[in-house]
Amino acid sequence: MRKVGVIGAGMTIFRRRLQETGKEMCFEATRMALDSAGLSIGDVDMVVNGTAPDAFDGVHMKGEYLLDGCGGYRKPYTRVFTGGGTGVFSTIAGWWHVASGLADVVLVVNEEKMSSCQPHPQSVFAHIWDPILDRPLKPNLVWIFAMEMNRYMTVYGIKKEDIARVAVKNKRNAVGHPCAQLADANITVDDVLKSEVMAWPVQRLDISPPSDGASAVVLASDDFIRRRRIKDRAWISGVGWCIDSTMWTDRDLVFPEYVARAAKMAYGMAKVRDPRREIDFAEPYDPFDYKELHHLEGLLLAKKGEAPTLTREGVTQRDGDLPVCPSGGLMGVGNPIAATMGMKIGELFWQLTGQAGKRQIPHEVRTGVSQAWGDLMQYGCVVVMRA
Amino acid sequence: MRVGIIGVGLTAFRPSTPEYSWKELMFEAASRAYADAGVDPRADVGSFVTCAEDYYEGFGIFDEFVPDQLGAALRPTCTVSGDGLQGLANAFMQIQTGLIEVAVVEAHSKISDVLTPIGIIEHGLDPIWNKPLGFHPYVVAGLEAAAYLRATHTPTKALDAVVSKTRRNALRNPIAAYGAAVDMDHVAASEARFEPLRSLDISGPADGAVVLVLASDRAARRLHANPVWIRGVGWASDSPSLETRDWAGATYARLAAGMAYRLAKVRRPSSEIDVAEVDDRFSYKELQHLEALGLAKSGEAGKAALRGAYAADGRLPVNISGGSLGCGNVFEATGLHRAAEVALQLRGDAGSRQIDGAKVGVAQAWRFVPSATGAVAVLGAGP
Amino acid sequence: MTFLERTTDARRYRAWEGNMEADYIYTSGLAGQRFFVALRDEGRLLAARCTACGLDYLPPRIFCEECFAELTEFVPVPPEGQVASLTVAHQDRTGALASPPQVWAFVTFKGVRGGLLHRLLATPDAARPGMRVHIRVRPREARTGTIADIEGFEPARSTK
Amino acid sequence: MTARVAKWPGVELSAADLLEGKVTQTRFRPDAKYAWSAGEAISRFLEELQAGRLIARTCHRCERILFPPRMFCEECFRPTDAWTYIRDTGTIETYSVSYLDTDAKRISEPILVGVVSLDGASPKMGMMHYFGEMTKDEIRIGMRVRAVWRPAEERKGSVLDIRYFRPLREGER
C-alpha cells in the first residue's frame, strides 16, 4: 500500500451567496490548492470531485458540469457522492487513486452552491426522504436532527446548555478563519439558549447555515513528495467509511454505529489502538452542535453519553487536551455541504504542518482525525492524518 | 496485484418494470451476482460501489437508498456519480490498494419511474450558455453526429448498417428489450429526428440492473472462483463545455482507451482485441467510439461496418450483446452491462451469441448527453 | 424470481407520483457578467484571453482549460462566424413535434477557441455547414443579459 | 499557508443582488416528474393501509418482523418469508416540536412529529408520523400511542391514511 500525503489545500470564502458559478468557485479553490503545493495543472494525474445533491446547484450530473473548474479537462475525473459524508469521503476516494498506484498526484475538489435553489435550499431537502414512506408527511430536514438530538438528550439525560457550549466554542474558534461566515467572538451559551426555536430541541443557533463555497486539496504519493522535496505535507494514515440501513425509522438513533465502524476501520489501518490517547485533535462533522458530541462518541473519543462532559470541562477547547473543531467547524465557518472539506481535511493539513495561523493549536499535534456524516443519519467516513 | 471479475448478475432489461421497486430490481441482480460468485455479501465483501445520479432516480440523495438490497448495510459503501465502468474502476483501485479484497459494483436504470426523462437530460445542460435556449437535449447528439459524419466522410448508410446489425444481435440475447429484425431500409426510412439522426438511430430507454463482484487474485483463489481478469481500466473527460469540446472525435474515449491499454499492455488494439462492446446509444457513437478506441482508423469504421466487419461472424464482433440500440438505454448501467457481456464472452457463458475463442475483450462507456466523459475496461480470460 | 412469493395481479402494483422540481436562479458568474453586460448594453460578444496559451475563449471563462491560469483580459469576438455543425430538430424541448423543424448550429469564429450554440435563422434547406453567419441581437429594450438576448445566427450578407 | 494568504477568493452577493437581478443571471425550473413503482412489498403495504391495517414481513433466519415491509432482509441478505399484520399501537421513540414547514417557513402552531415503534414488529421497527390529541408539553419519549385512521372512504393507500397517533387512553391496550 503506497503512502499518500496531503500537500496543498485551498478554499473560497463561505457565504450565503457567491457570484461565481459553481465551476468558477471550483477553479478558485483548486488554483489556490495547486499554488500552495507549488504544482501546476500538468503535474496532476487525476481528479476527484465531491459535491452533494444536484438539486442545490440545480444541474443534473453536476459532477460533469463542474469538471473543467476542478482541473479535470482531458484527465481521468470521477465524482463521488455520499450525501453530507462527501466532505471527507472524496479525500478517501482520492486516497485510493494514489494508494492503488494508478496516480501520483490527485486533486480533490469539493463544491456546493446552495443559493441557486429558491426560495430556500430547504425546499430541496424535501427530496432526500423516501417518496412513499416519508415525503407525504412534508418533512423538513431539521426534523431528523431534532428527532436524533432529542433521543440523544433524553437517553443520556443531557442538558441543552451542555450542547450549546459546542456552538459557542466553534463560533468563537471560527474568529481566526478567513473564510468564516458565522464567526462570533462574543457569543454566549445564553445567546444559543434564547435563540428562536426551529424544531424543538433545535434552535436557530444550534444550526450551521446553508452556504456557497468550494475547497480543494492536493494528494500525492510519498515518492512524488520525496522527489519534489515537498516540506509541507501530512500523511493519510487511516481511512474508513460505512453506511447504515436505509430504514432509519428502524434504528436507535442514540449512537452512530456507522461512524464507530468507519472509525474502527480507519484506526485499524492507522494502527491507532487507544484513540483517546493517540489522537491529538479532531474535526468531527458539526452541522448541528449536538452532532459534534454524537460524533466524538462515534469516533470512540468519548464514552457513550460522556462527550458533553469533555466540552463542559474545556477538554475540547483549542488549548485543551483534545481540541475539537479548531477550525470553527461548520457551526462557525459555514456549511456548503461537500465543501466543508476545507475544515475537515484542509484544517488537519494546516494544523499538522503548522500553517493554521491564528487557529494553530498552541501545543504540538502529531495525529488528527476528521469525520463526516451524511445521508439519512446513516453515513460515516473517517480519515486519520499524521504529521 | 491482479483483480478479477468473479461474479456477474443481470436482470432482464425491459422498457418498464411496474412489478419492481428500484430496490427490488437491484436485489435481483445482486442475488444473481452473489450466487454466480459463490459469495455471501454479509461475510465476504469488503466494499460496495453504486453508480447513480439523483435526478435519474428522483431522489435528493440517492446514496441513502442503496445499502439494504445489496447486503451493504453497515458496510463500506459509496456512490460514484458516473457510469458503472467508472464504478468498476474505483472498485479496481480499492482492491489494488490492498485494503479491500472483494468489492461489489452495482449500476441500474429505473428510467420508467421517470415521467420526464427528456426534462432530466435537459437539466444537465449548462445553465448559463445552453439551457435558456430551450432545445431538446438530443440536439447535442444531432450536432455531434453531423460533425462526425462530415469530418470522417462517413456515409449515413453506415449508420443504417450499425442499427440493423446491432438490433439483430439483440434477438439472440434473452435480456434485450429491443431486439428486432431491422433492415437497413427500415432505418433509412424511419422518421427524421435530429438530422442526420432518425428515430431508429436512437436507443430506447430500458430498466435493468447489473452487479459485478470483483476480487483480488488471492481472494479469488480462496473463494475457488474462476475470474475474468481486469487487465486495464481507463476513464477520461473532454471539456464539459459544448463549445470547447472535440465534436468529431470522442477524445474522452481515446484518452480512456489510452490509459486502459497502457495498464493492460495492449499495443495494437486492432489485432489484440477479440470482442468489443462500445457505447451505441446513438448509432454514430458505435463508429465514433471504435475509431477512438483504435479499433478502426479514423474514417474507416463506417466503411468496415458496411462490409460487415463488426457482425458476429466478422473480423471484430462489436456489440454482440445487442448494444444499447438492441438491449435498451440503461443509463448509468450501460458500461457495466458491457463489461458483464465481455466477461460472459470470455468465460464462454454467452449462450447462443458466444464468440469462439475470445481471449481479450474491451468494454467502453460514455456518460450520455450532454457529457464528454467515458471509461474503458480491458478484460482477459484466465488463468 | 428471487422473492419467495410474487403477485401476478398487475392491478395490485402501485406507482407513487412526485417530483424533484424547484425554482433556480443561476448567476452568470465572473466571466459571464462581463460577457452579458457587453451583450446587453452594447450588443457585442467578448472572449476571454489566455496570454500564456495564446487562446481566446468563447464562451469567456476565468480560467484556461489548458494551463489553468486565471484569465482577466477580455477581447472582442470577430463579427462573422462559420457554421461548424448543424442539426435539424423535429422535436422541441419537451419531445413534442416541432413544426416547422428547428435548425440549431454550432458556430465558430476565426482565431477563437470555442464558439456558440444557437438557433440558425435559416430554413432547413438553406442551412449548410460552412456557411458564414453573424449574430442577430434582440432590440436593446428586450435584452436582459442572458444568451437569449441573441435571437440566433443569420446568414452573413457578405456571402449572399 | 493559511497564515501566508492575504486574500481568499469569493465574491459575496446580497439578497438584492440576486433577487432583483443586479447581477446577470438566468432562471429555470426543471421538468422533473416521477411515478416510482412501489414494487412488491410497498404496494401491499399501501393496499393494507387503505384497508386500515399495518402489515410487516418476517425473516425466519434472524427471526425479525420487518416493518415497513420488504421482500428481502438487509441483515441476512435473503428473501423474507411471510406477511404478518402488526398492531396500530406503539411507543414514541423520539419526536420534535416543529415551528418550520417544508420550505423552512415559520408556523405559529407547531407540528408534533416523531418516530413510533409499532407493537407486533421487532423492537425499534416503526414509522415517522404526526402526533395529535396531545400538547407540546405532554408529548414525551416512551409515550404509548395509537393510530387515528381516516374514515375508510377517505383512505387512498398512503401513510396519510393515518391522520396521526394519539395517546393511549386510560385502560386502553
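Order of writing sets the chain letters: A, B, C and D. Residues in each chain are counted from 1.
In this text, a contact is a pair of C-beta atoms (placed from the backbone, for glycine too) under 8 Å apart; a residue touches a chain by one contact, two chains touch by 3 or more.
All values reported here derive from a predicted model rather than from experimental measurement.
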Fewest touching-chain hops separating chain A from chain D: 1
C-D against A-C, pair bridged by the larger set of C-beta contacts: C-D
Whole-Å separation of chain centres (CA-atom averages), chain C against chain D: 42
Intercentroid distance (Cα basis), chain C paired with chain A, Å: 36
Separation of mean Cα positions, chain B and chain A [Å, integer]: 33
Centroid spacing, where centroids are CA-atom means, of chain B and chain C in whole angstrom: 28
Shared-contact residues (touching 2 or more other chains) in chain D: 11, 13, 18, 23, 26, 28, 30-40, 42, 46, 70-72, 74
Contacts with two or more other chains, residues of chain A listed in rising order: 17-21, 31, 55, 58, 60, 68, 73, 115, 119, 123-124, 126-127, 131-132, 245-247
Sites on chain B at which at least two other chains make contact: 18-19, 24, 27, 54-55, 58-60, 67-68, 73, 113, 115, 118-120, 122-123, 127-128, 132, 239, 241
Graph class of chain-chain contacts, one of line, ring, star, complete, other: complete
Complex interface listing, chain C residues touching chain A: 16, 18, 20, 22-33, 61-63, 65-68, 70
Complex interface listing, chain A residues touching chain D: 8-9, 11-20, 25, 28-29, 31-32, 36, 58, 60, 115, 119-120, 122-123, 126, 131-134, 136-140, 142-143, 146-148, 150-151, 154, 178-179, 196-202, 212-213, 232, 245-247, 249-253, 350, 353, 355-359
Partner chain A, residues of chain D touching it in the complex: 1-5, 8-15, 17-18, 23, 28, 30, 34, 36, 38, 42, 46, 66-68, 70, 74, 93-104, 110, 113-115, 124-130, 136, 141, 158-160
Touch list for chain A against partner chain C, complex: 17-21, 23-24, 27, 30-31, 34, 40-42, 55, 58, 68-69, 71, 73, 115-119, 123-124, 127, 131-132, 135
Chain B residues touching chain A - in the complex, by the definition given at the top: 53-55, 58-61, 63-68, 72-82, 86, 89-90, 92-94, 96-99, 120-121, 123-124, 126-128, 234-241, 251, 255-256, 259, 263, 367, 370-371, 373
